[in-house]
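Next up, some structures in structure tokens.
Each of the two complexes below includes subunit A, the first together with subunit B, the second together with subunit C.
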Partner chain A sequence: MKSKEKLSLKGYLLIAPAIIFLFIFTVYPIFYLLNSSMRDGSLLSKKRNFIGFQNFKTLFRSVDFYITLKNTIIYSIGLVVILMILATLFAVWVNGKAQKRLNGITLAAVFTPHIVSLVSISTVFLWIMDPQIGALNFIIRSIGLRPFPFLASSKTALASLVAMMVWKSLGYYSLLILAALQGVPKDIYEAAEIDDTPKIRIFFRITLPMISPTLFFTAIVSTISSFQVFETVNLMTQGGPINSTNTLVYQIYSDAFKYLKLGPATAEAVVLLGLVGILTILYFVCLGKKVHYQ
Partner chain B sequence: MGLKKLKTGHLITGVVQAVLKLLLIFLIAYPFIWMVLTSFKPYKETTIYPPTFFPKIWTAEGYIKALEMLDVRLFFRNSLIVSFSVLILQYIVIIPAAYAFARCKFRGKGFFFGIVLMGFMIPQQVTFIPIYLMFSNAGLLQSLWPQIIPFISNAFGIFLLRQYFMQIPEEIIEAARLDDAGEIKIILRIMIPMARPAIFTIGLLSFISSWNSYFWPLIMTTKNTYRTLPIGVAMLNSQDGPRLWNVMMAGNMFLVVPILIVYLFANKQIRKAFAYSGIK
Partner chain C sequence: MSYITLKNIHKAYGKDIIIPDLNLTIDDGTFTVLVGPSGCGKSTTLRMIAGLEKPTSGEIYIDNQNVVDVEPGKRGIAMVFQNYALYPTMSVKENIEFGLRNKKVPKEERIKLINDVSEIVGLTPYLGRKPSELSGGQRQRVALARAMVKKPKVFLMDEPLSNLDAKLRQQMRVELIELHKRLGATFIYVTHDQVEAMSMGDNIILMDKGIIMQRSSPKEMYHNPQNTYTAQFIGTPPMNIFDNMLENFKIGFRPEKTALKDPGDSLISIRGRIITREQLGAEMNCSVDTEYGKIMVKTEDDIDGEDCIIHVKEEHIFVFGNDGNRTGFASELKARLEKIRRGAGG
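The block that comes next holds the complex of A and B.
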């Protein structure tokens, strides 16, 4: 009995540093956000009065905030859907038996952009996607097409950011899907091969159902991380042209640090927390079901 | 005859596939090649249309200008200090915690592990305002600490290490306990050596993410003295006046080349590490 108590005290001592830091940098900030989102005043004011849900009311009455939300959601869904499809195709392709060496090299190359700083990638793409002298428009013009405005037009800016991120993240998501593909039991494929089943049918009947849990969970996690898009917006478009690339985190950042509007900024952070929270709950509920049924 | 036809068909699809793969590699490599080549062009050559692929005149002008405009040594040093401090300090905090979650019995374990999961799921893009204000009130903004302390309690690291520690056979620990080994000794002599791959994985991921980090140092610094390399390089992207493409690309080289060298030597380990990071 005594030794058991000793063991339990040891447990608390061992987790204490980690838990204290997590309280300071995760738990406390959430309560702070909830409290601050219901107060007026600026980043510099000493005393801020309680105003209830006023900040949220103003937020949801503003057209700009809807545009920001819409941009964030379109960006995230667009990016995740394209990435999931392309990464699945690519992973199946390099998972083939032929050309093992070349497959390895291709995968290593395609993964590279994922570990490179977004600062560098954003500035290189600013140059490549420059409407007048950029390399992409040089190619587009030389095959006789009209130059593409990329980041300079409100119609194409958000899509250009998505395209760049597809280039950056394809390798990472392929890696995750490849791991799932390699977990599919080999004898299932062997049975299909004996039956001479066409490859496309094997993909839709065997491969896709077998990796669909991984695809689902990967899609949720990548949607959560796409909601946080900030770096590319700040470095490449500053939310423009005409608000077409203004996203939630960029707006939180601008409201807090450019306009010092602490109340609205924290209210927006609470909205982001809500979105992340919904997806996280969905994730864990489905994870629980999956574990249950298997 | 039929067999021969089948063989040539195989050969053709093989060649087509190989060409497509090489094309994809080129598509991925192209922006990097463009970065390197542009960094060696004189400014004038970057403004002409059609753009040149290889520089007509090779020059170090971009690098000289970048070094004039930025204190690269200072930014580089700050980046190294931040990345390595996070790397080392987090081990001291997360290894004991992961051990306790995997191996010790105590009340409220589920609740505390819930807090770890919360730290794991809630992004810093949500919590940065309160954390900024905390450091501001504590008078710590004029230091590198705001870029280090929030990352020490790496929730993902605790999670991954706990999984590893749980797989280590109970008998080994029991035997050590019979030898009167304390918890610290068990951690140092048994747990750490047996979980070496996980510890290495956590280190790699943490180093790469702090080296590349832009959002966090942007918010937590007001003076160049405490800024890291990504912020410095981003400052070359002037928002007023013409963009000096060759200087910007030269600046990028300082940021990208170190990480590419690391990737060249440890590409398998790095990809393995990132494959783990997908297990959320």
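The block that comes next holds the complex of A and C.
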């Protein structure tokens, strides 16, 4: 009995450093955030009074917050859906038998945007998507079409941000999916060939289920990161035009550091935390059962 | 049921020639085993018949149709893979059903076929399970059922038993032989294991470097090897072959056809020293050092000490030419061999 206690004490001691760091850098900030979301005052106040759920009440009464939420969700769904489909198709194509060397070059080209800083890309795309002098509109005009407003119109700004992020992230997610594709045993495909399976059926009945753990992972990761979109909004649109690209994290930033309203900002952060948490649980509940782990 | 003909098959990967020129006919309803060491081209041959590999040149006929440009799924064959190649995401039932669905077999018929084959291979209680929940032997049965349910003309098997443990392999060997009798289809079976080849095939094709070294029944393979390669591939330990006993000839005899106690009518008697003894139960493998080199002896004769005389009877001696091909045992050779006996001193 005594030696057993000794053994468990040793175990706790060994994991203590990790637990301490986890508390300092993860658990404590979350509680600080929760606490802060129930207080008034600003970044500069000496003392911030406890006001209960007042910040949340104000938040859910504000029309702007629903617009922000809607923008974030549309951005997220758009980005994740387009990204997953394109990345899967691209990975399957690159994994194909034909043109091995060319495929390597293509993959490298598509992957490159991932290693470039988002700030640089945002700056470059500000010019590329400029309605007057931008490269894209130059091309559009030169083939005789009407110029596209991109970031300048509230109808197209959010979609433009999605498009740019797809361009930047495609290579990264394709690479993950490609790795999964190459892990599928070749003899399964040979068996399917001998079973006289049509190509489409091979894709849906064999390839997709076999790479489902990776697809599941990439879906979760890309959803979480898309909910936290900030740099592009901050650098390219500042939430405009007319609030059309204002997203959750950008609003948190504006409230906290532009308007110094720390209470509402942290309340929004709590909402974000909750949303991402709920989404992840939903993924696990809805998709988790369909994912095949070896 | 159908026969298969390979005509002038040449297969190369870049500069590596796997099969130089292969000609082969496999008769309808036979159990043919392609056997040989790894890299001898046996798997490549099987995969070319399946359509998973294309021959660099040459023709493959199944019945009277040249199938070189026919898709694997349209050749009327089924294949069992070494690693089973089951669809891991599907249940046993779905695995068996997959090929039938592709062929648009109606549902009632599918269910009947699945029930029939799962009964034959003993999978009925496991139809709802995933392959990962099955043992190696059960997985192999699923692979078999998946092949059988399509009622193919030809079964191709690529080392299907090599991932099973020894006991199960023995059992599956018997089951496969029974299955072949029951179905009457053409079986082509690839293995590197001579025991598997000898025990299962009614027709063995021994290959080396893409060339057929010998093709015959298991009995012939053992009792009548046409060259030194076959003589040494079939049988454990391999046949003793010496080129220093008679000039221009190679003399061979099997370890299990030697005696350490004089049977009285032996043609060769060679004096030697036992270096190692390997007790196998009733029999013993001895490695014996002689003036001609090391001789393997497999015998029940138990002698004390290390010095011994190895006796071989005339009917157990094989004579090969310098090129390795079997030649006749002329009486002139016999006289010369008898000198070896006298040399031993008797």
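Methods note: the second predicted complex is superposed on the first by the 254 of 294 C-alpha atoms of A that agree within 3 Å, B and C clash if a C-alpha of one lies under 4 Å from a C-alpha of the other, contacts with A are read in each partner's own complex, and residues count from 1 in each chain.
Following the convention adopted for this analysis, a contact is a pair of C-beta atoms (placed from the backbone, for glycine too) under 8 Å apart; a residue touches a chain by one contact, two chains touch by 3 or more.
Quantities reported herein were computed from a predicted structural model and do not represent experimental measurements.
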Clash-or-fit label for the pair subunit B, subunit C on subunit A: fit
Contacts of A:188 with subunit B and subunit C, given as first, second, both or neither: second
When both partners are placed on the shared chain, which of subunit B and subunit C touches more of subunit A: B
Which of subunit B and subunit C A:206 touches, first, second, both or neither: second
Partner chain(s) touched by A:197 [first = subunit B, second = subunit C, both, neither]: second
Arrangement angle, subunit B at one end, subunit C at the other, subunit A at the vertex (C-alpha, nearest 10°): 80
Which superposed partner A:218 touches (first subunit B, second subunit C, both, neither): first
Touching partner for A:278 - first (subunit B), second (subunit C), both, neither: neither
Per-pair minimum CA distance [subunit C against subunit B, superposed on A] in Å: 7
Subunit B - residues contacting subunit A, complex: 14, 17-18, 21, 24-25, 27-29, 31-32, 34-35, 38, 46-51, 92-94, 96-97, 99-101, 104-107, 109, 112, 115-116, 118-119, 121-123, 125-127, 129-131, 133-134, 149-150, 152-153, 155, 158, 183, 208, 211-212, 214-215, 218-219, 230, 233-234, 236-237, 239, 243, 245, 248-249, 252, 255-256, 259-260, 263, 267, 270-271, 274-275, 278, 280
In the complex, subunit C residues that touch subunit A: 50-52, 71-74, 77-79, 81-83, 85-90, 98-99, 102-103, 132, 146, 150
Residue ranges of subunit A touching subunit B (in the complex, touch as defined): 4, 7-12, 14-15, 17-19, 21-30, 32-33, 36, 93-94, 98-99, 102-103, 105-121, 123-128, 132-135, 138, 142, 167, 171-172, 175-176, 179, 217-218, 221, 224-225, 228, 230-231, 234-235, 238, 249, 252-253, 256-257, 262, 265-266, 269, 272-273, 276, 280, 283
In the complex, subunit A residues that touch subunit C: 185, 187-188, 190-198, 201, 205-206, 209-210, 212, 292, 294
